[in-house]
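Here chain A shows up in two complexes: once beside chain B, once beside chain C.
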Partner chain A sequence: MKRPWRGAPAAAPWCFLAPFLALFATFTLYPLAYSVYLALRQSVGPGVDLYVGGDNFARLLRDEVFWGALGRTAYFAAGSILGQLPLALGLALLVNQRRLWLRGLWRTTLFLPVLVGAAFIAVGFRLIFGVQDGVLNQLLGRFGVPALDWLRDPDVVLNTLVLTGVWMFTGFNMVYFLAGLQGIPGELYEAAAIDGAGPWQRFRAVTLPGIWPIAAFLITASTIGSFGLFDLPWVLTDRGGPGRASTTVMVYLYERGFLAGDIGYAAAMGWLVTLVLLIIALVQLRVTRARAD
Partner chain B sequence: MLRRLLDWADEFPPGRVPLLLLVLALASGTAVAVRQVRSAPPRFSVWTFVHLAGEEFQQRLAADPAHADVEVRNLGTAMFDRLALAVMTRTELPNLVEIEQSVIGRYLRGPVEHIPFVDLTERLEREGWFERCVPARFARYTVGGRTFGLPHDLHPMVLVYRPDVLAELGYRPEDLATWDDWCAAARRFYRPGALGTRTWRRGMPLSTIEGYTYLALLWQRGGDMFDATGEVTLDSPLAVDTLERYLAMLGGDPPAAGPALSSMIEDFAALSRGQFLGLLAADWMLAVMQKDGRTLLEGRVQIMPLPAWERGGRRTTTVGGTALCIPKDAGPPDRAWEIAKLLYFDHRSLVERFRTQSIVPLLRASWTDPVFDEPAPFFQNQRIGRVLTELADEVPPVHGSPYMAEGYKLLDAVFADVTAGRVTPRAALAGVAAELRARMARDRAAVARARAGSAP
Partner chain C sequence: MRVSRLATYGLLILAGGLSLGPFLWMLSGSFKTQAELMQPGLGRVIPAAPTTANYARLFSQVPFLTYLVNTAFVASVTALLTTLVSALGGYALAKYRFRGQGAVTTLVLGTMLLPGVVLLAPLFRVTLALGLIDSFWGLVLPGAASGFGVLIMRQYLGAVPDALLDSGRLDGAGEGRIFWSIVLPLVRPILSALVIFTFLGAWNAYLWPMIVLRDESNYLLTVAVTNVVAAIHQQEYGVALGGTLVSIAPIIVLFLALQREFIEGLTLGAVKQ
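Moving on to the complex of A and B:
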């Protein structure tokens, strides 16, 4: 009998991989390669496009606004990690308690903020952070705290973004920690209790090592997410204001690439941020591996 | 037949199910591709970023069967990036697009012949639109002496005030003819107190973190960020002096103005409580006020022309604006031009636009419509349309530039430092101007290199 698929075994994997490879090449490899091409060029309107070599990168290294934006983004990332992760772990420990009343409702409620778009959150939070009639200042005023200009004081506004980020993403991180906590075998706690370990010792010796891989992942994911921060400062603080006080690196990239039309410069900025993130991720990986070992 | 097919499928090395998946993937992919090809794009498309405009355009075009093939799409503010990509790739361009004045510059870069919109100058001249409209408004959409946008709006700015509070202070609106008069009244009105309390009183809110109010006042005085040739004038003596006077309003002893609050609603609330004597508002903001500030201000406020910088000087300025542009590569422009005029200069539409959005039209002939003499209950039955149209010819020109959006952003970036006293007005404006000139010089050098056909 003639075998219709003769020769197919060797080609079959490629047949199945072909759709993915085609999509990957079109939507990932090509844009990446094209952004490298753009980073080496200068365009002036749609009609002028020149090769400028590494000029965009050289200008970027001298651009104080870029480094300022990078610093603020790093501040937001650090603030988010330090604010969100301990709180998320605490909440996860709380909603992991079997005896907690309405446990499912708490879990859902805490997770909800991440489902709301950042732009909607920003609009809602304007009512909370208003200097004159904002809910937060009204509340603080009852305790004699003077009104803060949460959205327009350059010394305060970045912390306002961190606070909003904590509100948005703590519940999301809590779910990861909850999954980690539920993956720790109960026998370990029992054995520790038999050995006379108290609650704090059980937390240190059993819980923390058990959730460490999750924490390491969340630190890396939060860092990468923070460097992509765009919509919150764009809407909540009027495109990264006041002045440059909440201009993150993505806000600046958008400003240069799309408002100013300097696409080559924006592409170079994107690659430099990628490099910075890569270095941070490698350092984090080394630290977390060393700790795991 | 089926048996043979099954046998044949059985021979497929990974098995029958993977083969079925492969066939399904290919079939669905083909179906999607065919559907894409069949659903041909509309013959004529109009893009806008304003919800109300989208609805209005749709209604106006639906009334005329000749325009049954026109599709109006409201893409929100994402439209600007989408248009930029469409211009770059020359694909999926709309036939007509409505653009906001502050961002139009990004499409006007490079040599005039490469600007992706149709040059409307000759059509505007030939059909007499410069004379039939307020010509100053075309300046914003003009680069290198050529006009690329058709505006419809004037956006004159006025002062909204509470007549009872002003009367209590012993003033009539006609007493406040200059900013000096205003400042004197505002200083009498002043009460100290920290933000967040109900005790403070200030003349009016001025932004301490963004430059738009300063620029509006600079335009009123005849200054600008750019001149008619596109050169930077933000560091001119007039611009510096205006910023110094702006700071003097905010920082005098006592101050004649206070920092703008966190949102328009907070400003409206402060005006309603008698904490501000007045608010600066362009025509479109009066509609926002009637919608969002109804419970706070309805029947309690009126409008008056802005005080002038010098006695007998200009009593208004302007903020905002949109224009219709015709992308060059989207096909023959004649029909787009006719539709643009229909959408922006149709008398019924202009009247309706004033009724719903308080927008004063650019077209002089429309100002005689009775709608502009209708009393407005929100403003104590004042004929606000007439107040606004009487200011129409005083609306100052704002010169367009491809670098306008960058200029706004650079000014905003230093403005908080200026109002906080960390940098002098002269140094701040000189810094912004120098940065703008550097970017312009770099672009000009690139254009020169491209024309010479050489790389660096």
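Moving on to the complex of A and C:
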């Protein structure tokens, strides 16, 4: 352990930390404590502000819309992970090949959707998915695929969101996998080849273990990100519609807390969702750790 | 071997086409008349009668330039402030030993993965109480204390040799001066990566600006494109497409100019803690 230079004044680190701590206390720590207070109060109706204990949570547990939204959010998270990660890994393997012509161009092209905010994408994609005969249906029709009502069929809309998510984030995951692939020493492949391992065996014995930590990170990050999903269902499928078919927890929280003004209920919802997310993350961590060992 | 190379390029062209297709379709559509956009079928890539009318309407019927300036301003201030606050805090944690250091680090780590859902409702009340609703500061300040940013900066600043700081002190430089003139220039790449990361996040943010901003003249592009443009031009798709393209074009241009910094900025999360 190194010793601090005697000349550094003891107050120096606190001066450097001051801006961060002031903002952090105001906009993270205090709201966090305040949301516990809010979650225990009834806040709906004119002038109503009462301590109600666990009433909000009891209502939440009976709220079918909430559980439906939670289920749809989990569906989106699972669909995103299953849709994006294998595709991203495949593309990373393609782009990572030696002697690839125009390597930089491919990477740039595949990365481009990552830059565009979900709200912008949603406006453009509303027209691509189309009301009746959008471009996507026309295009799929050429290959004999029957037209789908991407934005208005309750059985389809969640998949529309997953699909849009795949378009948006596969390039992002690909870049992470690429970094992981480049971290695998070439000697490992050579050693495996000398031992007579074929391409598939090399992939299983060298590549997969090498990128597993990245995959584990991406799974957790996608899950947390998915639980914040708001822009796409709000704009693309019109406020979580049709009906409740694309209402995610964030959409429902916004609806209840901000449009209906029941901020106490929204705070309680925030805590319950955090708890669910924590449990999911711990389970994922267990599974991915076990896999790594 | 030839088959696999053929397959490689075939797959890459397919993936690249899917990736770029929507951009090209929006670009082409934004130069089409409403009548041409409404025609069934795939439509032409090059509009039959190219028109800039959509863009003209965008800037004349909607104060779109104001939204562009608002967004650029908010995103820049957010990026610079967040990065500065993170660098200052990260420096304190990386280069000093002091009482309470462990507590601060634990606090930052413990709240870093906090999901947005839990803070949204109380943060609104706090912002309201501070009088920051409908103010750009209500967008900039809540995110400026980024636990993630502090941890990233702590990690990179930890690699700056102590001997450099000590020699600065021997030369009589104050602690602030050492930080500003010796340390910061050494970590410029990570600073630009963090600036880009936060800039992009602020440019694309939608829910929080929608909650905080009330007056239409304060809107950011995300809110404007989804609300104003969509409301006025329900039946004028070309204008909506033009608005979307104008909103994303600055980011794409920045990206093409600063590719390495962008990729670095967006993969900051993978850095081992």
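By our rule, the second predicted complex is superposed on the first by the 267 of 293 C-alpha atoms of A that agree within 3 Å, B and C clash if a C-alpha of one lies under 4 Å from a C-alpha of the other, contacts with A are read in each partner's own complex, and residues count from 1 in each chain.
To be clear about the criterion, a contact is a pair of C-beta atoms (placed from the backbone, for glycine too) under 8 Å apart; a residue touches a chain by one contact, two chains touch by 3 or more.
Everything numeric here is computed off the predicted structure, so don't read it as measured data.
Peer 1: Please work out whether A:Val48 is in contact with chain B alone, chain C alone, both, or neither, and reply first, second, both or neither.
Peer 2: first
Peer 1: A:Pro242 contacts which: chain B (first), chain C (second), both, neither?
Peer 2: first
Peer 1: Is it chain B or chain C that touches the larger share of residues in chain A?
Peer 2: More residues of chain A are touched by C.
Peer 1: Is A:Phe16 contacted by the first partner chain B, the second partner chain C, both or neither?
Peer 2: A:Phe16 contacts both chain B and chain C.
Peer 1: For A:Gln284, select first, second, both or neither according to whether it touches chain B, chain C, the two together, or no partner.
Peer 2: Neither chain B nor chain C is touched by A:Gln284.
Peer 1: Just to be sure I read the superposition right, which of the two partners does A:Thr109 touch: chain B = first, chain C = second, or both, or neither?
Peer 2: second
Peer 1: With both complexes overlaid on chain A, does A:Ala119 touch chain B (first), chain C (second), both or neither?
Peer 2: second
Peer 1: In the superposed arrangement, does A:Glu255 touch chain B (first), chain C (second), both or neither?
Peer 2: first
Peer 1: Going by the contact rule set out at the top, does A:Asn159 touch chain B (first), chain C (second), both, or neither?
Peer 2: After superposition on chain A, A:Asn159 lies in contact with neither partner.
Peer 1: Quick check on the output: what are the common chain A residues between the chain B footprint and the chain C footprint?
Peer 2: 3-5, 8-9, 12, 15-16, 19, 133, 258, 263
Peer 1: Can you tell me which positions in chain A touch chain C when the two form their complex?
Peer 2: Residues in contact with chain C: 1-5, 7-10, 12-17, 19-24, 26-32, 34-35, 38, 90-91, 94-95, 97, 100-101, 106, 108-125, 127-128, 133, 135, 138-139, 142, 167, 171-172, 175-176, 179, 214, 217, 221, 224, 227-228, 230-231, 234-235, 249-250, 253-254, 257-258, 263, 266-267, 269-271, 273-274, 277, 281.
Peer 1: Within their complex, state which residues of chain C touch chain A.
Peer 2: By the definition above, chain C touches chain A via 8-9, 11-12, 15-16, 18-20, 22-23, 25-26, 29, 40-43, 84-86, 88-89, 91-93, 96-98, 101, 104, 107-108, 111, 113-126, 130, 141-145, 147, 150, 162, 165-166, 169, 175-176, 179, 200, 203-207, 211, 221-223, 225-226, 229-230, 237, 240-241, 243-244, 247-248, 251-252, 255-256, 259, 262-263, 266-267, 269-270.
Peer 1: So in the complex, the part of chain A that touches chain B is made up of which residues?
Peer 2: Within the complex, chain A contacts chain B at residues 3-5, 8-9, 12, 15-16, 19, 42, 44-53, 55, 65, 126, 129-134, 137, 141, 146-147, 149-152, 154, 238-239, 241-245, 247, 255, 258-261, 263.
Peer 1: Considering the complex alone, what residue numbers of chain B touch chain A?
Peer 2: Result: residues 8, 11-14, 18, 22, 25, 80-81, 84, 87-88, 90, 103, 106-111, 113-116, 194-197, 208-210, 259, 261-263, 265-266, 269-270, 402-403, 405-406, 409, 412-417, 439, 442-443, 446-447, 449-450, 455-456 of chain B touch chain A.
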